[in-house]
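What follows is subunit A paired twice: with subunit B in the first complex and subunit C in the second.
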Partner chain A sequence: MKVDRRKFLSFVVGGAAGTALSPLPWKLVDDSSIWSQNWPWTPVPEDGEVSYEPTTCSLCPGGCGIIVRKIKDRVVKIEGIKGHPVNDGGICILGLAGLQLLYGPTRVKTPLKREGARGSGKWRKISWADAISEVAGQLNSLRSSDKADTIGCIGGSDRGVTPNLLKRLTSACGSNNFFRTPSMQDSYETALQLMHGKKAMAGFDFENADFILSFGSGILDGWGSPVRMFKANSNWKTNKTPVIQIEPRLSNTAAKADQWLPVNPGTEADLAFSLINIIIEKGLYDSNFVNNYSLGFADLKQLVKDKYKPAKIAQATGLKSSDIEKLALKFADARRPLAICGSGQGHTPGSLKTFVAVHALNALTGRVNSKGGVWAVEEPDYIKWPEVQKDKPAVKGLAQARIDGAKSKYPLSQYLLNQLPDAVNSESKASLQALLIADANPFYTMPDNKAAQEAFNKIPFIVSFSSYMDETATNADLILPNHIYLERFEDIPTATGFAGPFIGLSRPIVKPQFNTQALGDSLISIVRTMGGTVAASFPWADYKTCLVQTLGSKWPALSKKGYWVDSRFMVPGWTEGFKTASQKFNFSNKDLMMVYNSRPIIPEGSDSFPLLLLPYDSIRLANGYIGDPPFVIKTVADTVLKGKKSFVEINPITAKKYKLKQGSTAILSTPKGQAQVKVHLFEGLMPGLIAMPRGLGHTAYDNYLAGKGINFNELIGTQADPVSGQDAAWGIKAKIARA
Partner chain B sequence: MSSLDEKDNAVPADSNAQASLPNDTSKDKMDEKENETSGFIIFFFIIGLVASLIAGWVIFPKLLYSKKDQPINFNHLLHMAEVDDGCQSCHFLRTDGSFSGIPGLKQCIGCHDEIQGESKDEAIFVEEYVQKGREVPWLIYSRQQDCVFFSHAAHIKGDGMDCVTCHGHIGESEQTRVYEENRITGLSRDIWGKSISGFNANSWERMKMNDCAKCHKEAIGKASSVQTGKEGCFVCHK
Partner chain C sequence: MSKELSHNKVRRYGMVIDLDKCTGCGACMVACMAENNVPFKEDESNKRDSITWMKVYKLTNGKPFPNTEICYLPRPCQHCEGHDGHSPCVSVCPATATDYNSETGIVSQIYTRCFGCRYCMAACPYHARYFNWWDPVWPDGMEKYLSPNVSPRMRGVVEKCSFCFHRYQLAKDKAYYEGRSEVREDEYQTACTQACPAGAITFGDLNNPLHAVHQMVKPDLKHAGRPKSPNAFRLLERLGTNPKVYYLSDREWVRRAGDNYMADTKNHLEPKEH
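Right, the complex of A and B next:
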């Protein structure tokens, strides 16, 4: 029998009919749809028993309480703790993405020693014992050759047990050169020292204020404790509390404010003094406070009368003098007005003059040390360690002044990291021989970045304690990775801007994922290995013991509740609230007059740079020690970052002048450098200005962040405040041209 | 179809006949051949039909599922006699309302920290898992795909359903069944049901969405089933 075409077709037809009558096609369709809806390579959280563990977030100094949802040992979600005094259930975008910092690709997994040239990325894995003994050996050899004062340490903070262990290690070695990452805290601290006579942080009673005047503070852009600010802002909206935002750019904060007053950048202090002048002239100040609880009012009155007449300030700020007057009246008329400053997220100290002017404005209306106002919150005084023990090299080293001029050339400041590059670069032999860096990423965050990197490259021995492969770790000689905040114990005293003494406790809610070690333990091991008086200055067996002993009676409550708030704390009041010599508030004294009369900060650059470049901060761009995790960088708008290109904002009028259009590629130059950027036309920015976001242009971390955009710090220089010595540069002259 | 073929064939046959009349014998021969061919065509059709039916109903299920043994042969009946609270002694609702599912070592260790009986399976369990602190990689017959949300609490507490309705008489089993894993989806054969046709005699023999729908549709009148309402998809498919 021959199988011809017809028979074959018949067979096929029969087969098709049979197949249709069998479950095969229907079952295959069903199975493949299940398969395609559950790609086997898509990660799915493990199923199992859920547990919730409370801790404190330390990704910023905000001190939010977070609760971590876990399935077995795997962290699956981070949420805010309801009822927490700082954030009451809220969480910010960075806190939410903390999981990616824990499990993401950017962790340093084991101690590493540099193999190739600095920054070449060639590392050798070493044991903890070797890493510790290497650091101890280097520090000891500097001490034995009478170079103890060339040991420097940079910490993210100087509050809490771990930062103080690092500070103590610096002193025990015989060096005064401990640095803290600069921020608006530096300026607020100095202002409070001068006016209240207290070494303290500023605490703001936002919840009870009924009129908010913000001199450029990014209330909704990450200023202070961001989640608390978001919550406070919601309450202000509900209570119809007016919020007035003074800044040259329509930031998110300005957009949501009741009134936006675009002023010429750098004139915030002038405006504050002018408001003071009007309030005094109209007799609207709190005479009870001024007459009975303050000193130096007459000098301030004379100063503002002479120098800050509304007409003159109207010209300087670009506002109408009638608007300035209206603003002064509104502020004075409010029952509980509150003025704040610290531009953007407050990551730069800024001009001290602005801080004292704004604080004087609060004081004038009786808003210091009273409900709904601002007062000095001293650090909870649980760190009561004995003096460090000093041997001969330590005594000799500690007799040397700090290399940054803090406490000597600039007696009002404690730390001046911004002065470090100059101090190192100006000498032929490096004045620092070893630098230990923890919880800070100065290679990225320091303005005049090129000079800062040059200085660091002159320092022969750099140790990073970073948990992440950030710019500083990348350029270090040795990395001793710290546990990340979800893996370690850490006390977090005083959340930024919190209105009373507060300690948050971070605790390990997940086992260390890699071969890392708590910074406190690394430091104690280093001093143990060093021996002598250095070791003797650290009488604790390990970090946990040190922490528990130091916190003493506060530990049980802290470990149970996760935070401690001083329940006896009351608003300080005017009678006993000041620790100045006179026990009164200082409107002026010798130091303050020096600040009031200090020259304004004029942006760097010659006339060949006709425009002004300003930075701006966004809640979607972490620009400190922590870089944006992948989830957060994905939320950045494509008018800020598109692919690998940064956008700068320019007013359409200015753009037209330079023949720039939306999306044009342009070369932006400043006296410090140049960069290729894209143009975003934005009517919310005053003409003549260019605005650029902070937090982009990383060269390290992971592929989700590195190489995206431009680092603003590479384009701006530093400018020392004449009195505090802190970096007060608020912008830089610039030019832009089509590429 | 075969009749169509015959018609088509008939046309040239007729024209041929007209051209060479009166050659009747050749026409007969051709008819005979035609009949024979049609027979074969039907024959081939039936072969195709039968072969594909066998392939679809018998061979395909054998190819689709791989057979796996559970790591340990577990005796439910034996354990049921030992516990006080029936199924819920080991498979319970947690305080947060989630369902514990297959017990972990933590629950077994209470009795099995050492070998108790003479069962070979218990010896394997204690030596290989308890003493080494390893969880038993049980193969779960009732595991659904990840895109489906299911709340045991809503069914047990809310509706008072018993375990048997969905899980059958597994509590009375004396040994574990062979686990048949769908090579495409990775799920157990129990989800589609043992019968490849998709028909089931008992409620626990199949657990596809239609089986959920059976009960939920009955509840429409009572207005107690959110799954059948507007946007009901998202109650389970999150």
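Right, the complex of A and C next:
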């Protein structure tokens, strides 16, 4: 048979068709997938001896006790410690996912020096010695050219040994420019300073309160020490303690509260003053406290009488005046009522007026420094280091005021990181020449994000001590990676809102996984290399020595038990609890009157923006220094994040007005920027508002988090509180249109 | 093994979830993922292929502002007993890859037997079962945290909540080693129960009158474990799946959302999944 071209092609095509029609290819695909199913690419975890080691979680300032399950030297699970004073066995969603941070792809594995342009992601691995001498060299050259005051440091906290080493390094160099990441702590501290006359933190005796009035605090959304708040809430449910939540959005806290009072946003202080007015008028205040342990009551009384009449406040807040009155009566009638504030997770300081108003409300009913109330808790004072030694450049530098206006333009505030961008951007030559950043991610977390980034980009030398490749590390010139919390010793003094002095201890429960170094050791090495008075200000051989010496008599208990509670601590009380000039509680004085009379914070934007954009916090979206690990982002609902797009919430009534439907794509604009978002219709949001979650829109970290959604901080600006100077912006005007 | 032949007392491990205490924080979901080597992908926002043995649903009462209410509902595998262990999934499995354990009342899933037909997924009225469409991939180094107590699953098999059965085995081994025949209530607790910061989840033996779960819901054994407590309910009670996860809520609309076949359909509300 002659095989011509035609026959050959028919044969090939026929053969192919025949094979395709036969079960053969399907059988082969099936067989090969079954066969390859058992290939060893599914890991078989190695077995071994099991051990449990206790430590303290420091992913947030909550201070939970955690116990870590290990198989040989591998850590396989993190759980809460039963009986721990803060979290008693409970643990939050982020704490549970800590191992994904330890072993995750976001770790910075070795010191890195930038190669390409800032943020381009081109790095060169360098040795620790080179990294340390580079930082020391830069700081020394600034000092020797009389620019010591242009050295700045940003820390996540100013409590505990490591943050204080960073603060000490700043002053030893000759600069006052140490910044702490802002939070509601700033406003609570200022309120306590003004009213109690002492430097203290607010501690809340939630467990003994029998009526909770929350001015927008996300009790179940990550406020304070989250696990403690969850536990307290469950106890309130069991004991039938009423919880009243005041905020315009049905948050998880509002959903679980006994009563949700949606007030117009930004009117919380007005409502508090109005409650004060009613309680005074009806004579329901604690007259023993007011008459014998306080000063300035008459001025406050006059102020609320003149300015906070129920009818006026009803209009401002959107509540009925009868409801406001009922609320005031319920609050005053309760045996141990407690009012709290600090909106959402309390990551922004907010308006000082709200804090003093809420604190005055507590005081009026005798709820300060008493059982079930709010206490001024002094932090454990174990850090008693001698003054830093100063040479000429240091003396000269320390004579300069802080660049952010804290302690000068704003005498009541200690740190004003929110003022830093303006201070840097307003001058042609950067007023900061070097910036060291630890336990903070300001490139992501700072509102008016564009201005903040612009300011950072003007600073010629930025060092990040981050353990993770976060936005700040990505944009730094040098990264000196810290051990993560499971690899290092760290004292964690007083969990947020804890009622009494408390220190938790983080300890290394696993060998350092990478070529990292504890921040304390990096700082001590830097000063050692710098030499002179800077080195002399740090008399410790290494960080561990410094820690043990500083904690002194508390160290044995800490290293044995993992935490230290001041057993002698008692409720501060009214007789000795106030450190004002008169030893009494201040209802008003010159500073307080300035706060009471300060102008309200009106959201930024012209009338061309008819709506209001508000942030909301979710416990499933970490929005501080740490970003969501893979497990946590996995739990985020598909009505918050779908693929790379994030949703904004909007009431169906408002949505209809703008022709938006569930899932519509829309352009959201504010005076600060615009973003493409998807729309989620939510009945639980007050009409006229748009709510957006914090914690999305990361550009750094890993592929599990980066590039998903919009960073709220890019759409909001900052607004300085007229008295404290802290960021008090609670929203921004906005418009939305179908894309 | 039939009940008559068993030397052991019949236990019915079950769970009671107090929906008034549940805050929807999601700690149970992550505790479960961390305990059971549950894999994750870069994008988990397609919830139909996102493996969550424990999944927290968000329900709303559907009323407009400001009368809107929200309730969260955590949903593990319900470990249905059906009639005599004929749970919906067990009945349809052609490979005996899922089985009802008459000693503990736990519905098992044996990955090496499963060949991925997904009949059980179709049969499960609670969407508690998940299929591995892909082989799990842990980023380089992250496989270090995998627990040896639970096998990581391969592509092509179904997986679901096991009530942390490995914890039962460990507790039982410990009890035997210490010369006890009984596992104490606190010795066997699931990872989600242990983690829940609100203390909303209670776990134990429903057959044991001393256990908290029994006292909370008072299961009526004559009527397939139906709860006698007025605020307790089970999901889709009417289907007769006889689940061992009970829910508590003071709010009627929540109870109704959990079982929209309840007798009074006058105020019928559609539960919305969020």
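Note that in this section the second predicted complex is superposed on the first by the 696 of 739 C-alpha atoms of A that agree within 3 Å, B and C clash if a C-alpha of one lies under 4 Å from a C-alpha of the other, contacts with A are read in each partner's own complex, and residues count from 1 in each chain.
As a working rule, a contact is a pair of C-beta atoms (placed from the backbone, for glycine too) under 8 Å apart; a residue touches a chain by one contact, two chains touch by 3 or more.
All values reported here derive from a predicted model rather than from experimental measurement.
In the superposition on chain A, the chain among subunit B and subunit C reaching more residues of subunit A is C. When both complexes are overlaid on chain A, the residue A:Lys282 reaches neither subunit B nor subunit C.
Contacts of A:Gly18 after superposition on the shared chain: subunit B is touched, whereas subunit C is not.
Of the two partner chains, subunit B and subunit C are each touched by A:Gln37.
Of the two partner chains placed around the shared chain by superposition, subunit C is the only one that A:Trp260 touches, whereas subunit B remains out of contact.
With both structures placed on the common chain, the touch criterion links A:Asp47 to subunit B and to subunit C. Touch criterion met: A:Pro105 reaches subunit C, while subunit B stays clear of it. By the touch criterion stated above, A:Lys7 is placed in contact with subunit B alone, subunit C being left untouched.
Contacts of A:Arg738 after superposition: neither subunit B nor subunit C is touched.
Comparing which residues of subunit A touch subunit B with which touch subunit C, the overlap comprises 34, 37-38, 44, 47.
The residues of subunit C lying in touch with subunit A in their complex are 20-21, 23-27, 29-31, 33-35, 37, 40, 42-47, 50, 52, 56, 58, 60, 62-66, 68-72, 115, 135-136, 138-148, 151-156, 194-200, 274. Looking at the complex, you find that subunit A touches subunit B at residues 1, 3, 6-8, 10-19, 21-24, 26-28, 30-32, 34-35, 37-38, 40, 44, 47, 49-50. Put simply, subunit B touches subunit A in their complex at residues 1-2, 5, 37, 40-42, 44-53, 55-57, 60-61, 64, 94, 96, 98, 100-101, 145-147, 182, 184-187, 192, 196-198. For subunit A in complex with subunit C, the residues that touch the partner chain are 33-34, 37-38, 41-48, 69, 71, 74-80, 87, 89-93, 96-97, 99-100, 102-105, 220, 226-227, 230-231, 233-234, 237, 250, 252, 255-256, 260, 262, 513, 619-620, 630-639, 641-643, 651-653, 683-687, 702-704.
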